[in-house]
Amino acid sequence: MAIFKNKQKDELELGFGSKNYQNSVRFLGRNGRVNVRRTGLGWINNTDIYHSLISASLLKLIFIILSTYILINLFFAGVYYAIGASHFGGLDIESGSKFQEYMGLFFFSAQTITTLGYGHIYPIGNSASIAAAVESLLGLLSFAIATGVLYGRFSRPKAHVLYSQNILISPYKNSTALMFRITNKKQYELIESEAKLTLTMNDPETNKRMFLNLKLEINHVNFLALSWTIVHHITEDSPMYGLNKQRLEELDTEFIILIKAINDTYSQNVNSRHSYKAQDLIENAKFKPLSPEATKSGTLKISVTDIHLYETLD
Amino acid sequence: MAIFKNKQKDELELGFGSKNYQNSVRFLGRNGRVNVRRTGLGWINNTDIYHSLISASLLKLIFIILSTYILINLFFAGVYYAIGASHFGGLDIESGSKFQEYMGLFFFSAQTITTLGYGHIYPIGNSASIAAAVESLLGLLSFAIATGVLYGRFSRPKAHVLYSQNILISPYKNSTALMFRITNKKQYELIESEAKLTLTMNDPETNKRMFLNLKLEINHVNFLALSWTIVHHITEDSPMYGLNKQRLEELDTEFIILIKAINDTYSQNVNSRHSYKAQDLIENAKFKPLSPEATKSGTLKISVTDIHLYETLD
Amino acid sequence: MAIFKNKQKDELELGFGSKNYQNSVRFLGRNGRVNVRRTGLGWINNTDIYHSLISASLLKLIFIILSTYILINLFFAGVYYAIGASHFGGLDIESGSKFQEYMGLFFFSAQTITTLGYGHIYPIGNSASIAAAVESLLGLLSFAIATGVLYGRFSRPKAHVLYSQNILISPYKNSTALMFRITNKKQYELIESEAKLTLTMNDPETNKRMFLNLKLEINHVNFLALSWTIVHHITEDSPMYGLNKQRLEELDTEFIILIKAINDTYSQNVNSRHSYKAQDLIENAKFKPLSPEATKSGTLKISVTDIHLYETLD
Amino acid sequence: MAIFKNKQKDELELGFGSKNYQNSVRFLGRNGRVNVRRTGLGWINNTDIYHSLISASLLKLIFIILSTYILINLFFAGVYYAIGASHFGGLDIESGSKFQEYMGLFFFSAQTITTLGYGHIYPIGNSASIAAAVESLLGLLSFAIATGVLYGRFSRPKAHVLYSQNILISPYKNSTALMFRITNKKQYELIESEAKLTLTMNDPETNKRMFLNLKLEINHVNFLALSWTIVHHITEDSPMYGLNKQRLEELDTEFIILIKAINDTYSQNVNSRHSYKAQDLIENAKFKPLSPEATKSGTLKISVTDIHLYETLD
């Protein structure tokens, strides 16, 4: 049979091994992350805290910061309470409420760790003063770390590439081609973009996982200014030749896309990845042309979500 | 006709598509920015706030910082006012003026968010203390973000390339050449500079937009120490062959220049772009030679604006 | 004799010279650092303080920060003490204890350098105020440096590559091969990994140190997703041909490995190095296959420490 | 005449033009900086303030920071003085000394801009409070800039390459060779180092400045671990062939060296440059071999300044 006749010459080493899994696997998640969980060294060594913080969602980060702030203050309020409320001038200890004393020390702690230091409450004696001196240093260092994490988050060079929701098999030069579209969804520029398309599927003959390179008609554009339709011509030499959607699904096919570009704001290389499963494939359809308009001043305008639009053919 | 006989072999994919616009378009603005406005995902997703802040003008940034500072203080003054002026010790509430109370709380807010904390005004009770603790944390985080934005602005590697105001067609080796000059306008160095010149114009035959590569005599210099005259020899093989300024204007011609270099201070790659429209072209002219002088200590001196100077020939 | 017949064509310049040392040397430490100590310019010029701080252990860094904090405060407390305790309002000078006066000024110093400024102690007169103004500026600048060091530490792009404990000689394609395994031990991705393997040993004929390149079956993977077994086939062309473990030990052999990759979080190139001495070599053994599992959601799971596992063959 | 017979094929475009200066010129200073002063756009546009600050000497930077701190405080003290000393609580205005009033406001300003805020002096009324609120914001922003500048200074990837004081013409392979040595003077590593050597001299025939490439025996080392002797073999094909020191001086010769490497701590490319004038050339001499020693633990030790040592031959 001729199904895999073209596999040899284009076989690739992507780093996913060649094991053929029982379950259907997805090597890249929809967000482009490699779908592997690494264990064996304990959580602390398999993770990188700084990396987790800069790639966490904004909501999660705010939650982490707030709860750390509260916990540290609860802890230091406890330390101050152990030292004794009488060692803190200006604290309202007349009410006799232990809770209120603790709350007063909690606020004193907050004023100390932020280096706010109103001073209406202040430490008396060595123990209280030492604890406050330690807390204010800790506050400065925590804040230094927070500055680093926030800067790291914002300044991390990102490739904001938008991928069309589907990958199509469209008529192309008297035969067919595999096509998908990408665009830059942000206002700043991606330059010198390069694309690479890999096909991975099970090989029922050898019971191994194959990774095959799919040649692209154009694999480099200078500006990702409007949109870029990335095209693999399904010729007789293509590993896709003769495979339809149903067969691709049976073979647990995944199309893996690597985009390399230069983020012009930071002058740094950025990488974007995406994958389509065979289920995302639409046969016998073509993308609707985008309609950029030129304003009188010579500026072009496009709506980036138009790259998802296609029409099925009869 | 022979006008476009050379177009085939040098045709490029720049990422601007091949649509032929009704209006005259300018793909790159004079400042080198790609002249495309992207919409379709809403302002928040088509923009990157950090990117906007680091590339905004200094005046705009100062305005944003100042107004944010005032707005946050107005807001927290409102919160404190709602809690009640009597929960703030040291506040002048004897005058009975509600406005003055609010102003006092506004200043208390400013002293809290900057972690200044004079302490002549201070919170009394849990509500006021909690609000102040939250505000001081917010202050630290905002300041962390401001540090990041300011650092991001200053440290962003830039290519301060100055381009000659005009692009010339000058006599060159018994024929003519397209020429423009660049120089480094700052005191620090750009090294390993590379240039690429692209011509884009309408093709009246196909009614599409063409992008053609123009070969350069020298496309790399080690130091952009003095100035660099970038030369495309208009031979019979050139797509420019036989086209004069008037014809180039009719075809809505734009010359797109990409400069890649290494900013030596940051050891990072930087990119500079520029474009000339056919209107910027001067026929039958040549650049005046620069006159760097050597001081007795062996230092060379140049005036960078001299690169604009040319003289027309008869 | 044929032992070194293949050395010529693969000889390399690694930068370690060709001296043949009396003692057994290790050019790369187990941690991948180059095992050279440079002197001759004095400690201050042969070291880089910032570099030392960002690569110091966390414990050492905390110790340095804490002791610097204490020393600066001791110093400024001394300055304040010299100015005179009577120039500080709110200081408890009634007790008459000189030590307690000094301690009070120490805490005032801590409150000043952290810009905490409770204000229950405050400077009176010009000398005390000037000293406090200088200390608070110094505090801000020290803190700026601390922010930079902490950010530099966390944001430094690292290649968290885990190497198998041993390097094996395993059966391979009717002959043998030198093999070791690497994996990414952290949850974030390394992409576009490249490997280079160099053999260094004494040459008893010339009494010099040789550096020889060992060809790899595959020297590039797109994702270091699971693990990568790096293989040098010991053919007749290999410099390893005919050498057993005992002979390699006699020649003070070291295998030097260079891994280049892109850390996907930071989009930056990272380098990892490792070396095996002949003592780390296991003859006639092979690595146990890793057993990644696919969850129902399509995620793969591996335990990274499994790369150390091998079994000896009879 | 045969002096320049080899110039054609190796001619280079370094970006220094081809003008033949009256005075002797030095294109690269001894510190590796390009020896060009750019003017024409005014100081502000020909300079980059951030760049100046991060590359200024430490002493100059401290002076700039201190004087800025004093000037801003003098300015704000003036503003507060104009508002009136009576608007500041806790200020000692009984003495009646205008100077002492101004000094008190100066210290209040210092306590405000550093966000120290003891609070024994505090603003009363709207004008004073607004001025203080503005000053504390300015303080935070200035400090953010200082953080950025200090971080930028320390984290800037540098190539600490030490060059031998002289460039030699030594016996080499039955003929002679041009040789100089480099080493890494710091404890951290430079990897993948590449060298390029260019000769520039006046051409008395054309009265222009020539830039000629000198081929190197080895132009790449993996580790700059010990030292690297960079060698240009003066064969009959070399532009140096037949030129002695006296002739090279007459032609105002300069040897320009470019070193590219990867600073391993930051994983970034770094560049180092150096130049030798003909006056630095020593004929008929050779470098003394370095003598790295191996400790018992296998660590190598070298003294980096030994690279300067050479001996003249008879």
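Residue numbering begins at 1 within each chain, and the chains themselves are lettered A, B, C and D in the order written.
In this text, a residue touches a chain if its C-beta (ideal position, glycine included) is under 8 Å from a C-beta of that chain, and two chains touch if they have at least 3 such contacts.
Source: prediction; values computed, not measured.
Engineer: Among the listed pairs A-D, B-D or B-C, choose the one whose interface is a repeat of C-D, with over half of the contact pairs the same by residue number.
Structural biologist: It is B-D that reproduces the contact pattern of C-D.
Engineer: Farthest chain from subunit A, comparing Cα centres?
Structural biologist: In terms of C-alpha centroids, the chain at the greatest distance from subunit A is D.
Engineer: Count the C-beta contact pairs for B-C and for A-C, then tell me which is higher.
Structural biologist: A-C
Engineer: Superimpose the Cα trace of subunit B on the Cα trace of subunit D, which carries the same sequence, then give the rotation angle to the nearest 5°.
Structural biologist: Between subunit B and subunit D, the superposition angle is 90 degrees.
Engineer: Same or different, please, for the subunit A to subunit B contact, judged on whether over half of the interface numbers appear on both copies.
Structural biologist: On the two sides of the subunit B and subunit A interface, the residue numbers are mostly different, under half being shared.
Engineer: Could you please state the distance in Å, as a whole number, between where the Cα atoms of subunit A are centred and where those of subunit C are centred?
Structural biologist: 27
Engineer: Could you give the separation in Å between the centres of subunit B and subunit C, each centre being the mean of its C-alpha atoms?
Structural biologist: From the centre of subunit B to the centre of subunit C is 38 Å.
Engineer: Tell me, which residues of subunit C touch at least two other chains?
Structural biologist: 115-119, 147, 151, 268
Engineer: Per the contact definition, I'd like the list of subunit C residues that touch subunit A in the complex.
Structural biologist: Subunit C residues touching subunit A: 65-66, 69, 73, 103, 107, 110-111, 114-120, 143, 146-147, 150-151, 154-155, 160, 162, 183-189, 191, 193, 218, 220-228, 262, 264-268, 290, 292, 294-296, 298-306.
Engineer: So in the complex, which bits of subunit A are touching subunit D?
Structural biologist: 115, 117-119, 147
Engineer: Going by the contact rule at the top, pick out the subunit A residues touching subunit C in the complex.
Structural biologist: 12-17, 19, 21-27, 33-41, 45-48, 50-52, 54-55, 89, 112, 115-119, 122-123, 126, 129-130, 132-133, 136-137, 139-141, 144-145, 147-149, 151-152, 156-157, 198, 258, 268-271
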